[in-house]
Amino acid sequence: MSSGDPEQKSTPHGPEIHVIKYSTHEFQETTISSSELNVWLDGSGTVWMNVDGCHTPEMMADLGRVLSLHELALEDASNFHQRAKVDDYDDYMFIVMRMVDSQNFCDTEQLSIFLGSNYVLTIQERPGGDCLNQVRERLRKRMGSLRNQGADYLVYAIVDAVVDEYFPVVERLGEQIEHLEDSILDGRRLRTGPMRIHRVKRHTQAIRRAVWPLRDALNILCRDTHPLISEHARLYLRDCYDHSIRVLDLIETYRELCHDLMDIYLSTVNNRMNEVMKVLTIITALFIPPTLIAGIYGMNFDPDRSPWNMPELRWYFGYPTALLFMAIVSGLLAYYLHRRGWLAWNKNPRL
Amino acid sequence: MSSGDPEQKSTPHGPEIHVIKYSTHEFQETTISSSELNVWLDGSGTVWMNVDGCHTPEMMADLGRVLSLHELALEDASNFHQRAKVDDYDDYMFIVMRMVDSQNFCDTEQLSIFLGSNYVLTIQERPGGDCLNQVRERLRKRMGSLRNQGADYLVYAIVDAVVDEYFPVVERLGEQIEHLEDSILDGRRLRTGPMRIHRVKRHTQAIRRAVWPLRDALNILCRDTHPLISEHARLYLRDCYDHSIRVLDLIETYRELCHDLMDIYLSTVNNRMNEVMKVLTIITALFIPPTLIAGIYGMNFDPDRSPWNMPELRWYFGYPTALLFMAIVSGLLAYYLHRRGWLAWNKNPRL
Amino acid sequence: MSSGDPEQKSTPHGPEIHVIKYSTHEFQETTISSSELNVWLDGSGTVWMNVDGCHTPEMMADLGRVLSLHELALEDASNFHQRAKVDDYDDYMFIVMRMVDSQNFCDTEQLSIFLGSNYVLTIQERPGGDCLNQVRERLRKRMGSLRNQGADYLVYAIVDAVVDEYFPVVERLGEQIEHLEDSILDGRRLRTGPMRIHRVKRHTQAIRRAVWPLRDALNILCRDTHPLISEHARLYLRDCYDHSIRVLDLIETYRELCHDLMDIYLSTVNNRMNEVMKVLTIITALFIPPTLIAGIYGMNFDPDRSPWNMPELRWYFGYPTALLFMAIVSGLLAYYLHRRGWLAWNKNPRL
Amino acid sequence: MSSGDPEQKSTPHGPEIHVIKYSTHEFQETTISSSELNVWLDGSGTVWMNVDGCHTPEMMADLGRVLSLHELALEDASNFHQRAKVDDYDDYMFIVMRMVDSQNFCDTEQLSIFLGSNYVLTIQERPGGDCLNQVRERLRKRMGSLRNQGADYLVYAIVDAVVDEYFPVVERLGEQIEHLEDSILDGRRLRTGPMRIHRVKRHTQAIRRAVWPLRDALNILCRDTHPLISEHARLYLRDCYDHSIRVLDLIETYRELCHDLMDIYLSTVNNRMNEVMKVLTIITALFIPPTLIAGIYGMNFDPDRSPWNMPELRWYFGYPTALLFMAIVSGLLAYYLHRRGWLAWNKNPRL
Amino acid sequence: MSSGDPEQKSTPHGPEIHVIKYSTHEFQETTISSSELNVWLDGSGTVWMNVDGCHTPEMMADLGRVLSLHELALEDASNFHQRAKVDDYDDYMFIVMRMVDSQNFCDTEQLSIFLGSNYVLTIQERPGGDCLNQVRERLRKRMGSLRNQGADYLVYAIVDAVVDEYFPVVERLGEQIEHLEDSILDGRRLRTGPMRIHRVKRHTQAIRRAVWPLRDALNILCRDTHPLISEHARLYLRDCYDHSIRVLDLIETYRELCHDLMDIYLSTVNNRMNEVMKVLTIITALFIPPTLIAGIYGMNFDPDRSPWNMPELRWYFGYPTALLFMAIVSGLLAYYLHRRGWLAWNKNPRL
């Protein structure tokens, strides 16, 4: 039970539990197998056990037996599709949260937390670089008051790290929306607009689905009095709750922006169609009427037979007159279109 | 009252009640007619009676008399349009749920459950392969702790089986939406898009209408303390409640996705129209102006009468000049359209 | 005060009150004028007074005096624009409901119910065939337990009849929507689609506006304990409440379906426009370019003046070459359109 | 303090308070300046003071001093942008309502009511013909039981008059929507449709914004017990509350109708566009192909040079054959369009 | 600790705290550094400390130590992304609000308020002209009853100033919407419409996001009884709460108006497209059919070869007849379009 450098004692095979035992003046960190768990829980000090992704049914059964956890809670901790929630089992609490997946933007992984009187057990869905490392660092380096406080404050520190991890993700979403907005208002890459809006919307929705129940769970944690959570820790959890509301606030704003973007996209497409139609109409208006006139003077009526048959063809200024006539008809139509404001379209060829 | 192989004792005609009587060490299974019901309810052990689809008013009356059930509850159990609900009749509880119909995707059938102190009576809308078989198997094979627990835990097992049956259905809906999304974003089979979105939406709506009241009923079951439901069973029912919320969560997500798909569909159709219009405009722009010029030089003004009458016709390079003139006019218009970005359309002919 | 055949004693002029007095073993039915009311209320047994449409201020005043009803309740009963509600006046209850109008599909008429300790007074907005007749029949023919119960159970029977009357109306709405859906998905009668969707929507809205407050009123009736309503009757009223929720469930589903239908309608219209545009573009693409070529060879440049002036006109295969040229240009454009998938439109001329 | 004809004692300048003092057998009405207020409040009887639009800070200060009103309530009564609310100041109540402006359809003016044990003070935003006159008439002519009741009943009478004034306004809105609906479904005055829908929507919104908080305020008045409001008056206020809910019900219905109208409008415009496109396509289809044929036979290939060069020109039936060919091509296209159902458009030229 | 002209004692470097100490008869104002804070808090009178933008961690730590503020509250006061909230720390209250930024329209800055028994500490996000100056002026010039009241009333005065600052911003938004509405209904600057609507919507959303939690915080302040806030001050805070509801009311109205504007915009664009299409159709209808006729008489069939080959060319009135024929065909088409109402379009060239 000697403290020591972590990562060292790990046996190469089989799932391992990462254990930190600390009190104000002591700090031990190691990785053990589930069978060695018993010794660590005895004595004073707070014990934080972390199972990092790969866990076997045997390990879960060991954990359940040693900590006397309820079968249902263990099942929920092994089944990674839970919504965030807080279940109160009298002598321990079971908290489920979803935390941002470090590898996969906008995906979430499950974090199950068991809070007992002197231990915290966390079970992650996937191994790897996660936001809990900063809590470990604070414990190791004795930053803040974490070492002086009990298991409830450790849970606060974990929850706080998880909630704060959402902010960079939400900010990235915000930047994507900003970018999308610019490109749609500029009229660039219009064709892929709906797909890109849709993608951002799905991400927003995914985050929202993770944070919404998290907010409710935090509300329960910071509102109800419970012997396992001291008044002091509850004050801090209220702060986490405020943060989760801020995340949701931003998410709701982004949802609305996405909706508006779709409207703007559609109106931009509509405007373009209008533009196309106007060009088509102008070309038709300018060239079809003279074409008729040209067609008329291309008729083969025989001027020799009657003075009524196309005498214009033999006029001295017949041809210039015909061209002038064409120009006048086109010009009148152009003036009409101009008066309707159709010739004054935007200089910007993109918009 | 000897236990025995089921399916054997069934008399060929008349509705039958399938009865299982069990305690930790005993297990009996048989099918009886409603008149034989009385003997089975005496003595210790939990009795599960199941009426499988075909039931007559006489049988319902028998059941009501033997178990002293209220007329209203019996009516609701015979009338298969109930929403999920929990009615508390002091010495028994009446629970209505809708379960996924095994034959008909996205349709639901009614399951009525009467929970007494030592019996459970389930009445199904339709006979045939249902999710209750797995509960029967667990009883027969003594899997889990089902045999050691009372009637309330049996109700939990049934409710759990019913709720969990929704997940595969919801997943299938999710796959359909995924498929639909791909085909709309690809622009394939656009014409039938709205109909297919509409069909998925109706299915989603049907599931939602079944699960929404189910969630409320489960909330009542796991929240209120009731002498018939032990603290232990209530903990498990809370788990069912969590599952029902997860189903609803997914359903709400799918509803929103369907809505978004319709938007994307419409914008795709709009884009296509734009494309068609652009092609039309380009053809018009390229061919109508030269047609006018050709028309002009097809006029029959007499060059002999005046030097002003179409002298071009007798120029040495008259014809090539005219062709060049046509090419220049078309080219200018093409350049204008190109500058507006209309000639740079998507290479992908589908999108 | 002898019982007798109803309809007989009615004096030809003046508003009449239809009175039924019953207990388990007695049954009397007659029509009286409001001044005779007093005698009927004495003695044991339950009295059901019904005012059927035509009522005068004098009659209302008589009723108010004899039964000591509050002025406000009487006013509400005479003014036929009330929403469903339950007002508790200590020694009697005043219930307002809206029932389906038997003559006019999707219109509702007001039914006011006063429930005292031993009487029920119902005031209808319009005379004529109504759903209360079946309650009268059950009293006359001693069906069910109606004759054995008090005034509260009679109110249940009336409320139940009123609520159940909504189901056929809602089903008819459902059939109309089904029909509309078929015809829109088939593309038949597209022009009148929005008007027909709008009409169904208004009907749905009318029913919803009548049932929504009815549900709230029934919730109050079956939730609050009140000396006038026995525990037994309240159980039955809870059933009515469940029915009203089912009606609302269906109505909400229909509202959503109507909304979706509008979307499908619009996308169908859009698709049609697309089709029209495509045909227009194809015609233009196939015929305008050859027209230009024909125009060119219709020009009158003089081949005698220069070898550059339309030598094609004197080629041996000039004409066939020109025709071939036209065909090639049109063919290339057609191939281009074909590659974009525009020539592969639906065979079904309607859709 | 002698009663007398009102309007007589008013001094020409300075704001005036209109005072009515009444009990069952007495009635006095006059206009005084704020300094004379003190004498009127002494003695028995209920005093109704009304300030009609023009009030100075001095008068408000006088009123506040004499009646010991709170500074905040006086401020709210002078500032005419309040929402309806009820503030309880122990020895008096302060009620703010918005009433329909008699001059300006769909605008509202503020009415502030102070209810003390034996007085009612009403402060109107604007002078002139208002719905309070009918209450004054009832007091003057001793109609109803108003003279026999206390100040709380007078407040009910005022509130009732204010709420009932909304019904004609809402009905007028309903008629406007009905009218709009007819004209849109008929296709008349399509261009101004959106503007007119928008105008009705804004009116609906204005009424809704006034009535929504009014309903909440009335709910507080009729729900909470308060020494200043007797049980009897509260019953009557509940009636006002019901009326306000009815107004809101209608308003919500109209909002939804306006929304639907916009949809119908848009689909009508879409249909029209479709019609225009079809006519354009038909003209193009019928005239462009023959134009090509005419163009071909207008080419100047020299038939003398080769038997391949336009021999048709010298055929005996060349011209009729060409015309026939044109007719056949147009006819085939027309038949094709007819089979697609495009030639069978609506006879009604408007729709 | 002598009172004196402010701005004078400020040391040129380092963050400063602006302090006002007042009671009914005393008034002192100065700027000090955080180390001098201690002396000011002793003795009677209310102390208002204001930190104006530039604050260092050291100053915050000093403030926390002297006033015994909780670490979490200090963090929230230094981190400027909080939503409005009220946190109760027993011996002081911590209030966060967002106030309108004086420099930047529609942006908000954070104002943190600590309310102790005899002090108020306000921490602003940014220095500069703010709405707190008017409160300072009222203290200096002894306007109102501010000097006679305690710290809770000072908090009311600050909150009131902050809330009232929102009204001009909201009014400006209202004017922008009004302006936008006019320009869209007029059809002016249609192209930029969606962008401008979007911009107003974002501003509306920003204000709403700031005021919504503010309303909740004020509701808590004026509803819950708390020893630090007297009954008298709570009455005034209720007034602030009413104001915040009015701001939200207006904001909701503007949101709805923006939504409607988008609809109107789209229908205007649609109408324009319709107009363009109609002009195109009319030009096509008037000029294409005569073009065909002209083309026919431009054919070169040889009249010498057969009496069937274009005998019209040699008629005496051939040419006028052909022109007449053209006019008749165009005229008939024009009449047809006129009967469909397409020629009667709006005179107003803009709309």
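Order of writing sets the chain letters: A, B, C, D and E. Residues in each chain are counted from 1.
Criterion: contacts are C-beta pairs under 8 Å (C-beta built on N, C-alpha and C of every residue); 3 or more make two chains touch, one makes a residue touch a chain.
Keep in mind it's a predicted model, so treat the numbers as computed, not measured.
Listed here as common contacts of subunit C and subunit D: no chain. Interface of subunit A with subunit B: the two copies contact each other largely through different residue positions, with under half of all numbers used appearing on both sides. With rounding to the nearest 5, the Cα superposition of subunit B on subunit E corresponds to a rotation angle of 145 degrees. Centre-to-centre, using mean CA coordinates, subunit D is 25 Å away from subunit E. One simple way to say how far apart two chains are is to compare their mean CA positions; for subunit A and subunit C this gives 41 Å. Across the assembly, subunit E contributes 266, 270, 273, 277, 280, 284, 288, 291, 295, 298-300, 310 as residues in contact with two or more other chains. In terms of which chains touch, the assembly is arranged as a closed ring, every chain touching its two neighbours and no others. By the touch criterion the chains form one closed ring, and its order from subunit C via subunit D is C, D, E, A, B.
Against subunit E, in their complex, subunit D makes its touches with residues 70, 72, 75-76, 81-83, 85, 87, 190-191, 193-195, 198, 201-202, 205, 209, 262, 265-266, 269-270, 272-273, 275-277, 279-280, 283-284, 287-288, 290-291, 294-295, 297-300, 310, 312-320, 322-323, 326, 349-350.
Only residues 185, 235-236, 238-239, 242, 245-246, 249, 253, 256-257, 260, 263-264, 266-268, 270-271, 273-274, 277-278, 280-281, 284-285, 288-289, 291-292, 295-296, 298-302, 305-306, 308-310, 333, 337, 339-342, 346, 351 of subunit D touch subunit C when the two sit together in their complex.
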